[in-house]
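This report concerns only the one structure given below.
Each chain carries a letter (A, B and C) given by its place in the written order, and its residues are counted from 1.
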Amino acid sequence: MKKAVLTRASKLFAVTTLAAGISLANAEDTIKVGVLHSLSGTMAISETTLKDTVLMMVAEQNKKGGLLGKKLEPVVVDPASNWPLFAEKTRELLAKEGVDVIFGCWTSVSRKSVLPVIEELNGLLFYPVQYEGEESSRNVFYTGAAPNQQAIPAVDYLMKEVGVKRWVLAGTDYVYPRTTNKILESYLKSKGVDAADIMVNYTPFGHSDWQTIVSDIKGFGSAGKKTAVVSTVNGDANVPFYKELANQGISAEDIPVVAFSVGEEELSGFDTSPLVGHLAAWNYFQSADADINYDFIDQWHAYTGDDSRVTNDPMEATYIGFSMWAKAVEKAGSADVDKVRQAMYGMTVPNLTGGMATMNANHHLSKPVLIGEIQADGQFDIVWQTDGEIKGDAWTDFLPESKNIVADWTAPINCGNYNIVSKTCGSAVAAE
Amino acid sequence: MPVQATHMGPITRLLTQDKNGRRLLLVIAVLAIVVPFCNLLFPAESVLHISTYTMTLLGKYLCYALLAIAVDLIWGYCGILSLGHGAFFALGGYAMGMYLMRQVGDRGVYGNPELPDFMVFLNWQELPWYWLGFDSFAFSMLMVLLVPGTLAFVFGALAFRSRVSGVYLSIITQAMTYALMLAFFRNDMGFGGNNGLTDFKDILGFDLQSDGTRAGLFIASALALMLGYVISRVITASKLGRVLVAIRDSESRARFLGYRVEHYKLFVFVVSAMLAGVAGALYVPQVGIINPSEFAPIFSIEIIIWVAVGGRGSLYGAVIGAVLVNYAKTWFTGAFAELWLFLLGGLFVLTTLYLPRGVIGLWPPLQQRWHRYRQQRDLVHQEDCL
Amino acid sequence: MRIFVLFCLACCSWSAQAQLAEADLTLQRLAQQLAVASYDEKSALISQMAQLPAERKKPLLEALASNSLYSRESDQRLFVIERFKPGERIQAFFYDESLLIESRRQKRDFDKIGINNAIRRTLSSELALMEVSSGSDQQRRLAAEQLLKSPQDIDASRLQALIAQESSPAVAEVLGLVAALQQLTSADSSQRLAAIKTLQRSLYPQVRVALVQHQGRLDASNPLQAGEYQLVQKTLASIDQLQQLNGYARDLYFGLSLGAVLLLAAIGLAITFGVMGVINMAHGEMIMLGAYTTYLVQQLMPAGSEVSLLVAIPAAFLVSGLVGVVIERSVIRHLYGRPLETLLATFGISLILQQAVRSIFGPLNREVATPEWMAGTFMLNPGLELTWNRLYIIIFSLLVLVLLAWVMKRTLFGLQMRAVTMNRPMASSMGIRSGWVDALTFGLGSGIAGIAGVALSQLTNVGPNLGQAYIIDSFMVVVFGGVGNLWGTLVAAMSLGVANKVIEPFAGAVLAKILLLVFIILFIQKRPRGLFALKGRAVEG
């Protein structure tokens, strides 16, 4: 009996010490930078690179003497491509580690999972991936593209420069492709495209047998009108998709495929010579001809010790996010979330394509839109770009539910979903 | 003594005979009191304060522990290796998630009083019929039990009647959860697709973000775990439990002895599925999201591993395994972000090789050694005295 | 007189040479403008260049088409650069100058003459026009098919001349179709009717498109055009009928090839799980190891080697097989008789292997090149092009299966293997070293999984998660076919593959898969031991 009490006591002791250890205040001699990218599981392929990018930027900043006289200390955790784990790790980073900023997430669902936690604990997240929009959180800065900074310019290019009349919208079945395709459908119809000339197709994650779909696309494209595929196929499914395209001999001259989720990194996994000419739309390509870009690439090669490593758009978004955050911390004179947030609005830093990135009050960036054609060496050749930077639009104008909503985190609106008709913030029934 | 034992009710018998179970219940009860107490009463600076992070983490472990008990009940006691128990867990979770979504009301970003955000987003005009009723807490809780229970009943009735057993059963349970995962990933299903259900606001009118609600959920999880344990213990300790063990050890022999094997199996399978559903329902408000990846076959395999690591066929072993493996995962993913799969994989291999009866198998030998040591010490002591 | 003739000839050849030289100079002048031209200007320049009788226009346009024409910033000299790799020589196009690349930074000294899809299309049709008269049989055919896409690119008289001198009947037929497409728009109705007759039964999609457009131009109620309208309609109907047959054939082929993939993925598991009873969760990782071995072999062999894939097959078998033997000797042999515990241990091993690969090769996918002979399609008829790689994979999967069946039925090792799995103590007492037979059997199953990895590297990602994508499907196939039965695995894989592809066009990829899973669940109720159940005492337990 005594023994039983002992075990019980020791178990209890273990729990309390664990808890006590967690709640002990952290020493304030460094600025902690949380890195919340999956290092294992299905998303590791994309996210590990971003972890390395953040670590590289932190090391670079520390070489310059850190920020505000303090060293930056990276805290890396692995949410393992597991969505509830993202929320848990965010809480760990904020509550236990006491980080001042988090760079992380890739998929929309991971961001959605993190959102309540980061809002509750008033953290700061920089989200570096292109996404579906329809969101603007006080605690998140979106440094990837919103739909109006990727999808719509790309479709414009195809329509005007290539003369495409018939459209295949192919995507993985999740919220980003669904939204993008919905926006594009409504946009195309507004431009007079007939519903019969639009084919929409959704496939599951990691879809690997593309024979039927590619042959359907081929059939759809041989109806005499210039046809293009707008692909929002995600991650792992792309390699088999492109391999099948190449095998069935769909060349870019006949049916160009423009992708929003395929960058240099995805292409590095296979031989692109049969795919020359297929397109992608991003805000950055490694081939961008700017000195700052060449320096960044050299820095990346030196950091990874591998000069065949490619750079890509989410890396640039991470780069911009980090530079902005560092600049904002210095401007605010503190790493305090609210102060940094205020310092972020209107902040400009150079982007890697030779222009300037500006942070808008809706927490989205102004960025240029570039269209690139795939080359045999796995790089993109930039064939078109917008004249200037385009301002990211958190709430798209092409969906009836969100056309009256805007985000503005500066006074007097100070709201992520402000209805300009009813002039109220959030949870207001749209005045129809 | 044995005569006396048969006259006792199962619960009394449980309380007097199941020493480890008593310990377990006590620990959980203490946790259920101490953790919320320390979280709510002590200020954050205090040494005795337990952070909300720790509390939600422990709450999650408790849900997993209940799930592990559910699996141990069928695997450890009846030999049904379900590689699809994550499905019941996730269905319970979705039922709770649907209730929580309905509670959001018009506080979603689009301010639609009727439809959750993701439906507004995908142009749904009205709530699909299977969402009706989920604005009522009581109905939702009923569904937490009924949906997994019904699926288990239909699935089990078919499988056990056709005498599908062993690996065949394992694989078709895997097929079941895999099919459900694919289905729930489809946005057309009306369950939010890959994003699942998230951004919950409150439960029964209490704000989910507040520490008080979290403490309440924690206590509820602890109570559910205790109740789940007692139910499972009552089942396994009863005559029915002995039949289950007989089925586990030799199904045909039990059948030849005249037992309707499939009825026993079906009963315990349904109970287990309901327990898993409850675990899922308590899990969702604490982690804040439910998404189809809970249906992933890998997750179901992981549950099996918790049970095996803890020790199969002992209920409290399952609890220990679930907590241990998940704590290891939490710790490793934070402390050894790049290497944790090596550690976790190694843990599984070593456990199977060297601890075939799980972690709790360590206990009796240690106990014996301790006894021997004490006896020896006493002997030495006696000799010294002489 | 003779002298005069000679003089004339000399003059002619001199003037021809002068013309050529002049043309080459014009070519050079135009080409140099490319470096600063916009895309629209480039198209115009290319058309101009194509008209020149210059000798070197073809290599120049080809270099442009393959994106390897660069202009040096300092003096605008054109260079052909295939790859920008330190240590390689590059060659100036119009000048006798070659350069050694010393570092990647030199790339900044050169501007690529970029082209876009529109220019690429102009280039390919110009090149097609050049090749349709010269070139090999294959090239001429491709060039002729290129002309089908834009029949107006070539003028009718030149086309007739080409048809007249064409030696290959296949190419002549395609050229005939091009001519018919041109005549379809002629004002003369008898020519049109003749054209429609030529186009009958041709399954090229361009033909159908042209006929549909032509039908749109005709007025059915006009008695002058009614006959032609009906002829077009009839032609279209017969084309559609043939296309429908093609569709069935295509679905069947897709289904068989998906089945072959499933078969390859499952066949190793049919040994480790089916024969040995190990619930081998690390099976997918053995496939992954095979795929990575393919990658390594390609890295070690000279670039562009066409046989690396063939070398990779035994290499992958050995690597995965050895890993399998090590796993069996170190872990699994302690677990016989406890099948469910093998699930745990092998799951742990699979995590370790995944992370090991991630640590060694990084989390990114690796590039495995497709050899020339596996790329592309073969044409059964113009409406039915099938991919080579799938055909090879179908054949390959069957070969592997046959070989395996032979090993199991006809060799001593196979006999011992079957003996050990049937009755271990009896086999041991007959002098079979059951431990080694177990190790080799597991190694065999793992090695075959490695071979599957070689094939899958041609179809999908070579990354740490490769195995995860196939493990569940593999288990389904083995269980559906009946554990322990190789032929069952074959029938199960092929029928699931074909069923999936037959359902997919109606239900979509996801629903097709869900339906099949539900089907398997229900099927197992009907036949609890799979398609081909083993009979006898071994079944129990």
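Here is the rule we go by: a residue touches a chain if its C-beta (ideal position, glycine included) is under 8 Å from a C-beta of that chain, and two chains touch if they have at least 3 such contacts.
Computed from a predicted structure; not experimentally measured.
Visitor: Among all chains, which one's averaged Cα position is nearest the averaged Cα position of every protein chain shown?
Guide: Taking the mean of C-alpha atoms per chain, the most central one is A.
Visitor: For the pairs B-C and A-B, output the one whose chains share more C-beta pairs in contact.
Guide: By number of C-beta pairs in contact, A-B is the larger.
Visitor: Between subunit A and subunit C, tell me the centre distance in angstrom, where each centre is the average of that chain's C-alpha atoms.
Guide: 31
Visitor: Report the inter-centroid distance (CA atoms only) between subunit B and subunit C in whole Å.
Guide: 47
Visitor: Could you put a whole-Å number on the gap between the CA centroids of subunit A and subunit B?
Guide: Here subunit A and subunit B have centroids separated by 35 Å.
Visitor: Scan subunit C for residues touching two or more other chains and write them down.
Guide: Each of 354-355, 358, 468, 510, 513 in subunit C touches at least two other chains.
Visitor: Would you please write down the residue numbers of subunit A that are in contact with two or more other chains?
Guide: 39-40, 173, 202, 204
Visitor: If I count partner chains per residue in subunit B, which residues reach a count of at least 2?
Guide: Expected reply: 182, 185-186, 338, 341.
Visitor: Help me check something: in the complex, which residues belonging to subunit A touch subunit B?
Guide: Within the complex, subunit A contacts subunit B at residues 4, 7-8, 11-12, 15-16, 18-20, 22-23, 25, 39-40, 76-80, 82-85, 87-89, 91-92, 95-96, 107-109, 112-113, 115-117, 120, 134-135, 173-175, 178-179, 182, 202, 204-205, 399, 401-402, 405, 416-417, 419, 426-430.
Visitor: Give every residue of subunit B touching subunit A within the complex, in rising order.
Guide: Touch list, subunit B to subunit A: 19, 23, 26-27, 30-31, 34-35, 38, 44-54, 56-58, 60, 106-113, 118, 120-123, 182, 185-187, 193-196, 198-200, 209, 287-289, 291, 293, 330, 333-334, 337-338, 340-341.
Visitor: Hey, which residues of subunit C end up touching subunit A in the complex?
Guide: Residues 39, 66-67, 83-84, 104, 108, 112, 114, 116-118, 120-121, 124, 149, 205-206, 208-210, 212-213, 250-251, 254, 257-258, 261, 354-355, 358, 362-370, 375-377, 385, 387-390, 458-465, 468-469, 500-501, 504-505, 508-510, 513 of subunit C touch subunit A in their complex.
Visitor: Looking at the complex, which residues from subunit C come into contact with subunit B?
Guide: Within the complex, subunit C touches subunit B at residues 273, 279, 281, 331, 334-335, 338-341, 343-345, 347-352, 354-356, 358-359, 468, 472, 475-476, 479, 483, 510, 513-514, 517-518, 520-522, 524-526, 528-530, 540-541.
Visitor: Give the list of subunit A residues in touch with subunit C in this complex.
Guide: Answer in residue numbers: 39-42, 44-45, 48-49, 161-162, 173, 201-204, 206-209, 211-213, 215-216, 219, 222-224, 236, 239-240, 243-244, 246-249, 252-254, 256, 265-266, 268-271, 274, 276-277, 279, 294, 307, 373, 375-377, 381-383.
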